[in-house]
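Take a look at the structure below.
We just call them A, B, C and D in the order they show up, numbering each chain from 1.
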Amino acid sequence: MQTKIPVGILGATGIVGQRFIQMLEHHPWFEVAWLAASDRSEGREYGDAARWRLKTAIPARVARMQVSPAKPEGAPTVVFAALDASIAAELEPRFAEAGCAVITNSSALRMTKDVPLVIPEVNPDHLKLIECQSWKRKSGGFVVTNSNCSAMGLVLALAPLHKRFGIEAVMAVTMQAVSGAGYPGVASLDILGNVIPYIAKEEEKMEEETRKLLGTLNGAGIVPAPFKMSAQCNRVAVEDGTSTGCSDGINRVRSRCAGIAR
Amino acid sequence: MQTKIPVGILGATGIVGQRFIQMLEHHPWFEVAWLAASDRSEGREYGDAARWRLKTAIPARVARMQVSPAKPEGAPTVVFAALDASIAAELEPRFAEAGCAVITNSSALRMTKDVPLVIPEVNPDHLKLIECQSWKRKSGGFVVTNSNCSAMGLVLALAPLHKRFGIEAVMAVTMQAVSGAGYPGVASLDILGNVIPYIAKEEEKMEEETRKLLGTLNGAGIVPAPFKMSAQCNRVAVEDGTSTGCSDGINRVRSRCAGIAR
Amino acid sequence: MQTKIPVGILGATGIVGQRFIQMLEHHPWFEVAWLAASDRSEGREYGDAARWRLKTAIPARVARMQVSPAKPEGAPTVVFAALDASIAAELEPRFAEAGCAVITNSSALRMTKDVPLVIPEVNPDHLKLIECQSWKRKSGGFVVTNSNCSAMGLVLALAPLHKRFGIEAVMAVTMQAVSGAGYPGVASLDILGNVIPYIAKEEEKMEEETRKLLGTLNGAGIVPAPFKMSAQCNRVAVEDGTSTGCSDGINRVRSRCAGIAR
Amino acid sequence: MQTKIPVGILGATGIVGQRFIQMLEHHPWFEVAWLAASDRSEGREYGDAARWRLKTAIPARVARMQVSPAKPEGAPTVVFAALDASIAAELEPRFAEAGCAVITNSSALRMTKDVPLVIPEVNPDHLKLIECQSWKRKSGGFVVTNSNCSAMGLVLALAPLHKRFGIEAVMAVTMQAVSGAGYPGVASLDILGNVIPYIAKEEEKMEEETRKLLGTLNGAGIVPAPFKMSAQCNRVAVEDGTSTGCSDGINRVRSRCAGIAR
């Protein structure tokens, strides 16, 4: 019987951090060995520090773990990151520099030139970009990002079409659950009896990430797929749900992508 | 001081019939002079026969009018029709044959070859089609239709673009209020916490009506605008609202129509 | 290893019938052996006849069973009934007369003098009423009813108070999910952005059933608990949920029962 | 033609302040002559400082008025106050001390011994309490409060019953719209598909204010009505609405108050 690989979770007390803990609980390869969060939680038992919001119980072993400071010292080699974008922009490079393999759910570095943005079923070859990262050469550390959850479902559907036929243009419209905005997130006065035709930065993310995900790797970076794209993102009065293509599992996105044959 | 033109309302007890009454109450040209509905209401006072659902009060004069049978005998020359499509398909031609000018909100005859489908701001020239109607030649009667409410808002936006630049393809996505499905309409179990990505016949109507509305008149009919179109219609958990481009005033449609410059 | 008791389900294709099948799937004592429904389903395979609406899969063995006519011939001795009240009023006595033990979720016979209305944790002694039923004496058959789901949760809370202190008066207010009205049930136009302060017959049921459930058995019937009671039942824009005190598991009731100490 | 009475609005930029402006726009007696708000708005034109959220247009004259600091200097004699409770507790006494007649929507001083809590249709005689206020004797200023909006509707219904029969006990349950929590207020994740059985301080306010409103005036204060009361306040997924008994007009409360005859 083999030993599992110890992994850390950066931003462990937030809702995405909790999802990491939930999904790794019975994982055959990985075992949560280190939890880090903000100063407020540092030094406390995880079960006290986190306001657990998931329907499955908090794993007993994890609840008793002590929350570490969000610093690379003491972190295991593999770190799953679940930080807000603004904090991620600062901390993720620091962990990579210290030699960590940072796999992140944050949008901070997704569009960075030598950082791979990966959906394993779609563009695993982009992982070669890791070799271009200066962190990799110096310390062995690196950063890999996943995509915006709205882009994820869309790209899974577009990838085989793109491969077989080539795509000229994409128009995508989403209707997204309020859970995607976090908590407290969307005010009830804004969404009851309403549709909000705007989600900050979501349309930009969908447009640029879709093209990077379907792009081609050359020497030092990704050449984005050359098609035109227009994304329209709407918030609807739907609580939440399971979304097939969504790594955090809390944001139901309904993408409509209609084709026009030529 | 001029006399107003007497008009009739066919299907006067339904919600669309009520809207006609409401909107004609202080009309400078027209005066409601005849109300017709199904056998169930025939012979009763309108105020008793109709279950008035609008927020403004039922006009006192109209409330005391007697409901006539839905037959052309006794109807005035101008008739606004607010019947369900299946009944309209049978009754509207009968009224036209008897010499009535039938202006209808129903979808029954919208795509009929010699029946104009008109948005006055967009294609008033299509009214010339009236001259091709056999009813017109025989009795002077005719039928004019308005469009599906989702098509209406879209076409008002597309028309100047089509005129100035020409349109190659249209992809439209709607999020429509439950009021558009009438009463009882959408079951609450289906729409609470949900989006329903299907409205029966709505996508077909949007696609074919948009092309007819933007089409060009030739001899005996309309040549549809030649662009490709894909409509995606969704029902969302929104009660109702005022829609600028919607003649019945009870169905808030949110159309998103994004353009991709070439 | 013992043989399980074969049971029948009357009204098996409806949503409550489906719940019976779901909850009996791995039952240690009972095994579904007979399914009956209306003429429309009779003779068909259950998997075809029922429009399965539950989240757990339809049990494979049950899906292949043939639906029997809703007649006592061929029914096993124990029958769980899930019929609409109007049909139950006619069929349940017929099954009891034929010797069946009918345990029913319907309201039809709940208030019948010699029919026990039972919450097992509260008034199991009321089951002695079975002996008073004429069916019992003739054929051995009988009818036992469960309570309205709003009464159920309330009575579980009231029972120990009633036993220890006695109750003078009860005022109960409920906020009930739309699932309780079945499908299509509540129209979305009625409940979106609204509370409906009326559920047909629900207040009457809560008031009379609560008093019967907490009543005392004497010779030939139940003397209702002597307190006064006022129930106010409201429908709210909540889909559905698991309700602890609700046997059908599909109707989340939130009862508020506030006490005033004297 | 008479001159209107100049009035000031304290807390003019908030939603309740906006309602005061809206409702005073065509008032036959009063004219808005002074607007005060927090430091952030001070010195700016009201039209710039306020994020106007009402459906009627901001009155043009008011939009051009300059926002004054929230200090008694320069305020007119009559001041309508629309401050948050914590700020009102500090500022309202200061304005009264300076000689202003402060009529307030805040809960800060409602239960203060010599401050009248008044519903004009119910207890106008309580206004005599004004004479007991030390501010009155010194500067002529005073404070009068209105009630919690949930108490208001309830008390209008209870008052005649209390007068004619006397009330022994009251149990009230409310279902309140999210607008009552202000903006952003209730998180959509908390209320979609849900009922929240708690509104901070609302039950306490309803209970104590109802008894004060129906209390009797004696020498130096109000003897609360002697009945027992239990209030249960719930938040439901309803946006907002016009509530007959609710002075701010933005919070639809549905009170259920059921009686039990003895």
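Everything that follows uses one rule, which is that contacts are C-beta pairs under 8 Å (C-beta built on N, C-alpha and C of every residue); 3 or more make two chains touch, one makes a residue touch a chain.
Note that the structure is a prediction, hence the values are computed from the model and not measured.
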Required minimum of steps from chain B to chain D, each step between chains that touch: 1
Interface residue overlap between copies chain B and chain C, same or different (over half shared): same
Averaged-CA centre spacing for the pair chain D and chain C, given as whole angstrom: 47
Residues of chain A whose C-beta touches two or more other chains: 192-193, 237-239
Footprint of chain D on chain C - complex, ascending: 169, 171, 173, 175, 193-195, 197, 228-230, 232, 234, 236-239, 254, 256, 258-262
Interfacial residue positions of chain C with respect to chain B in the complex: 178-179, 183-193, 237-240
Residue numbers on chain B that touch chain D, as the complex places them: 192-193
